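Two complexes, one shared chain (subunit A), two partners (subunit B, subunit C).
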Partner chain A sequence: MKIFIQTLINGILIGGVYAAYSAGFSLIFGVMDVINLAHGELLMLGAFTAYWLFKISHIDPYLSIPIAGVLLFLLGYFIQRFLINRVIEKPAIMSYILTFGLHLIIANTAVKLWTHDFRSITTSYSGANFSILGITIPVTRFTTFILAFIIVGFLFYLLEKTDLGRAIRATAQNKKVAQLLGVDVKKIYALTFAIGAAITGIAGASISPFVILFPEMGLSYTIIAFCVVVLGGMGYIPGALIGGIILGVIQALTVTYINAGISVAITFILLFIMLIFKPTGITGKGNV
Partner chain B sequence: MKKILFIFFMGFFLIFSTLQAKEFKIGVAVALTGKFGKAGNLVKDAYTYWQEAVNKKGGIKVNGKNYPVKLIFYDDKSDPATGAKMIDRLINRDRVDLLLGGFGSSQVFAESAVAEKYGFPLISGAASSNKLFQRGFKYYFSTLGKATEEVKGCVYAFANLKNKPKTAAIVGADILFTSLACEGFKKYCKKNGIKIVHYELFPMRLQDYNSLFMKVKEKNPDVLFVGSHLLVAMRTIKALKEINYTPKGIAFSYGPTVPKFVGDLKGDAEYVVAASEWTPNLPYKGKVLGSAKEFAANYYKKYGRMPDYVEAASAGGAIAQQLAIEALGLTPPLKDRDREKIAKWLHSHTVNTFYGKIKFDSDGANIAHPALAIQIQNGKIKTIYPDNVKDANLIYPMKPWKDR
Partner chain C sequence: MKKLLLILIIFVLVASLPLFGIDRYYMRFFTYLFMWIALAGCWNISSGYTGYIDFGPVVYFGIGSYSTAILMTLLKIPFFISIFAGGIIALIISTFIGLPTLKLKGAYFAIATFAFAESMKQIILCFDRTFHVKFFMGSYGITLPICNNYNLFYYLMLLIAGIIVVITFFIEKTRFGLALKAINESEEASQMIGINTTLIKLSAYMISAFFISVVGGIYAYWVTYITPDDVFNVHKTVQMVIMSLIGGMGTLIGPILGATFLSSISEYLGAEFVENYLIIVGIIVVLVILIEPSGLYGLKKWKKYLKQTK
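Here is the complex of A and B:
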């Protein structure tokens, strides 16, 4: 029984981690219909921001979170304004090609700059954990798990309760009408992408203490984000949490009770089943 | 007039091409990017170091005359199919005289098949899967031992203890080299009466190791053996600490000897055991790059880091090929029959190098080289096995995470 509960907790925690870095992917898709294949690279840049600040200035990775957020916000704004905006009216394939190109450019530039080294941030609290009734909970993962709720809550609040959010939702629903009502659509797109990039950068900095970093780490994260968002509903922000936790728990249970070998395959089987039978996600609130 | 010009140009071309041929062109397809990019670059560094050392003396000396070495590197992108294509290109387009091996069993497996087809000797210092030696190849050589034998030292380091471990868990990434390392761990655990309580292979893609090692923790083995590359080894340490699990001992097939392992994991890397084939404190020496100690010191001067055993093994392979050329008195450009002679020479001679003795068996594996085990103690790599070369005793059991 203890191992079952421990597995469940592991799954929920990793699910929170998945949610933290998938929310931005979902936001960008929901508003712009762009599947950002360079998503993992934004995460990688966030993580590397924390790494370099730690290595050079000995700044704690958690203190780097706002810095990573601001840097990625600026980068996201730039990428959308000058690159993605050019293809947004074009067929979807154009945005895939563009973002895939960005993925290659960012990852390979990072390789040139920082080499292929696998890196790790080791702080005094690395690997710290606490236990409740014999169940071990790693502190850094737990922190990211909490952060996932904050990110999703923030996005939810932003979209539902603020003027900017209303403008973003209006643009997502009907671009032409939003334009007629005086919404600067291009600016809204750029801001949305920037916010999506910023929270992904924040997630990157927050996972940096417990993952191994390398310039080409991004793609595997993009794939997971895609699965999470399909599971939870494309473009439905709270869906990232639901999708993340479901995926995390299923993977953890597979590793514990079947074997680690098929836990990766399960992710893709799940993805196919969802795309075929319930493309709107488990919540049924995704855009298709 | 036209005719004279033509003859002039032809003459110029011929002279130019013979001038060109006065060097040994050696081609290498190795992972410079992709998942083995980091390790592949170590191999490149090792060959480059050897090339510079040889060229500093004028080149490879044949019958009193020096012929410089020119290395041509292609990136196999950590992909076997690309590697095979690159070897083909080196042989047919660049017309190299000889080849040297790249990094990683899967890549070298494909690359050596092309080399074999064209009759080019290929000595690798960074691939050791048993399958490489089971193909009946005449032109494939490896300065490393077989993957299953490489990890022997790790198991014996524990098995020779008075309070030797009774149980072990073996896990590893499901790719050629690491899965064979797991086989090796299993073989030698059985030989030493260590009971295997858990055995599992997982895909390289697996990102979250916590649940996997939680399973191992439940079975509470004395020692954990991991079939690993650097990334797997680093992720393992992170996961073990997070789930608060300290086995009495932990050993990896590859990873901890790469300087980054200790550099970034710091104290968490302490007490980790790993397989190795070479360390700088071994009493080996040869005429090309001096002693093991000298090699390490000069390497440090050039790259600002100590060489890993894979780098030593790669440079060792380059030296073996060089010694064959010198002994046979071959000059560039080499012909097919020269390459055949080199392969025969390598099969029938034992050479001494800073990397140790190199003697290739009929299947191409180096059988003159004992498997070592190292342990990280106070941030330094210490040799703990075999007894005749060790410079430290194995610390066992290792200190729990909480007490560090």
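Here is the complex of A and C:
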């Protein structure tokens, strides 16, 4: 029973980590219908920002979170403004291939700069745990789990309560009408991508103390983000939390009770079945 | 018909190359090239014309490889029957997968096909360990009997590439092809004028699955050793998509141009640093999308335009 509860908690914590880096993917898809295949690279860049700041200037990875956020915000703005905006009116495949091209460029330039080496950040609290009623909780994962709620909460507040959020929602609902009402659609797109990239960079910096970092790590994270966002409902931000936690728990249970290989298989089978039978996600709020 | 004749002449010329005794290195390069022309051509048939972007065609490559490998090693079935059987297996699987997935639109179709390809890979990877059998051999892979007849693989790949080109040629000329293009333009309008869009989409998907699987079978016997990480590798999918795209999607010549172009630069650059090759592919892809989304084939239009302005 204790093993079961421990597995469940592990799954929920991993789910939070998943949610933290999938929310930006969902935001970008929800507003622009762009499947950002370079999503994992944004995460990788965030994580590497934290890594280099730690390595060179001995800055704690948690303190580099805002720096990663700002850098990725600028990069995201640039990518949308000068690249994706040019193909946004064209068939959706153009944006997938474009972002895939960016994935190749960013990941392989990173390989050239930083080699294939596996790296990790070892801080004083890296292996720290605390336990409640005999259940062990790793500190770093717990922090990212909390951060996931902050990210989703922030996005929710931004979209629902601010003028920028209203403009973003209007653009997502009906681009032409938004334009008529004086919304600068291209600028909103650039800001949306920038915000999506920034929170992904933040998530990248926050996972850097407990994951292995290497330039090609991105693609596998993009794939997990896919699964999470489809499970929770594509484009529905709180869905990232729900999808993330469900996926995390399912994976943790299959790893503990069957084997690790089957856990990945089940992830993809689940994704496939979900798309066929309920493409709007478990919440039913995804846009189709 | 002039186009077909030209293709036939090139075909005969290329087919006679081994008779002049070309270098083993070039034999291997050309065999790869024909394989990619066939694969990119298959993707072009199912996705290039309809605009339904298949992100998991590699699954049929893997299914073909594994069917051929298992039939040849476990059941000792001759090679030619095995690759054909692999094609039939792919045909059956593609029917069951195509029917539900082809109902999905845009991004959802792309993700669903991708998810299917990855699930097959993972199932083959962990099947033996989970059920305690020795069938797919998991990550150890399967070793096939060795065949040193490199001419055989050269001609087989050339033959399949030729068949794909001819099929594409007829697609361009027939109502079937028009229906595929109509689906790309507007699926609802096509349905309204009486096109059975589900049947058309499914047929294109199945044709493509069958030939990809046959190519996979030939590949397995050619390289003699297959693993799920190789034959189900997502990079094969990516190559197919990018080749069609660089050459020109939904055209006859596009996949041939794209495959030749990408295979050549891959041979030239990839030999030294694979990162350099991938960065350049990335840059080309971004430039093609931003400047000329109809690919290399679209450059022809530019020439016409330049002539007119002179």
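By definition in this document, the second predicted complex is superposed on the first by the 288 of 288 C-alpha atoms of A that agree within 3 Å, B and C clash if a C-alpha of one lies under 4 Å from a C-alpha of the other, contacts with A are read in each partner's own complex, and residues count from 1 in each chain.
Quick note on the criterion: a contact is a pair of C-beta atoms (placed from the backbone, for glycine too) under 8 Å apart; a residue touches a chain by one contact, two chains touch by 3 or more.
What you are looking at is a predicted structure, and each value in this text was computed from that prediction instead of being measured.
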After superposition on the shared chain, which partner residues are touched by A:Phe29: those of subunit B (first), subunit C (second), both, or neither?
second
With the two complexes superposed on chain A, say which partner A:Tyr236 touches: subunit B (first), subunit C (second), both, or neither.
neither
Now for A:Gly261: first (subunit B), second (subunit C), both, or neither, which partner does it touch?
both
If we overlay the two complexes on their shared chain A, which of subunit B and subunit C does A:Phe272 touch? Say first, second, both or neither.
second
Touch test for A:Gln6: subunit B only (first), subunit C only (second), both, or neither?
first
Is A:Val111 contacted by the first partner subunit B, the second partner subunit C, both or neither?
both
In the superposed arrangement, does A:Leu102 touch subunit B (first), subunit C (second), both or neither?
second
Touch test for A:Phe73: subunit B only (first), subunit C only (second), both, or neither?
neither
For subunit A, what residues appear in both contact lists, the one with subunit B and the one with subunit C?
108, 111, 259, 261, 264
Subunit C touches which residues of subunit A in the complex?
29, 33, 35, 83, 86-87, 90-94, 96-98, 100-105, 107-109, 111-112, 219, 223, 226-227, 230, 234, 258-259, 261-262, 264-265, 268-269, 271-272, 275-276, 279, 288
Interfacial residue positions of subunit C with respect to subunit A in the complex
51, 53, 100-101, 104-108, 110-112, 114-116, 118-119, 122-123, 125-126, 129-130, 138, 234, 238, 241-242, 245, 273, 275-276, 278-279, 281-286, 289-290, 293
Residue numbers on subunit A that touch subunit B, as the complex places them
3, 6-7, 10-11, 14, 108, 111, 115-122, 126-127, 129, 131, 136, 138, 140-141, 210-212, 214, 216, 220, 224, 251-252, 255-256, 259-261, 263-264
The subunit B residues in contact with subunit A across the complex are 33-35, 37-38, 41, 174, 200-203, 205-208, 210-212, 214-215, 218, 230-231, 234-235, 238, 240-244, 260, 264-268, 401
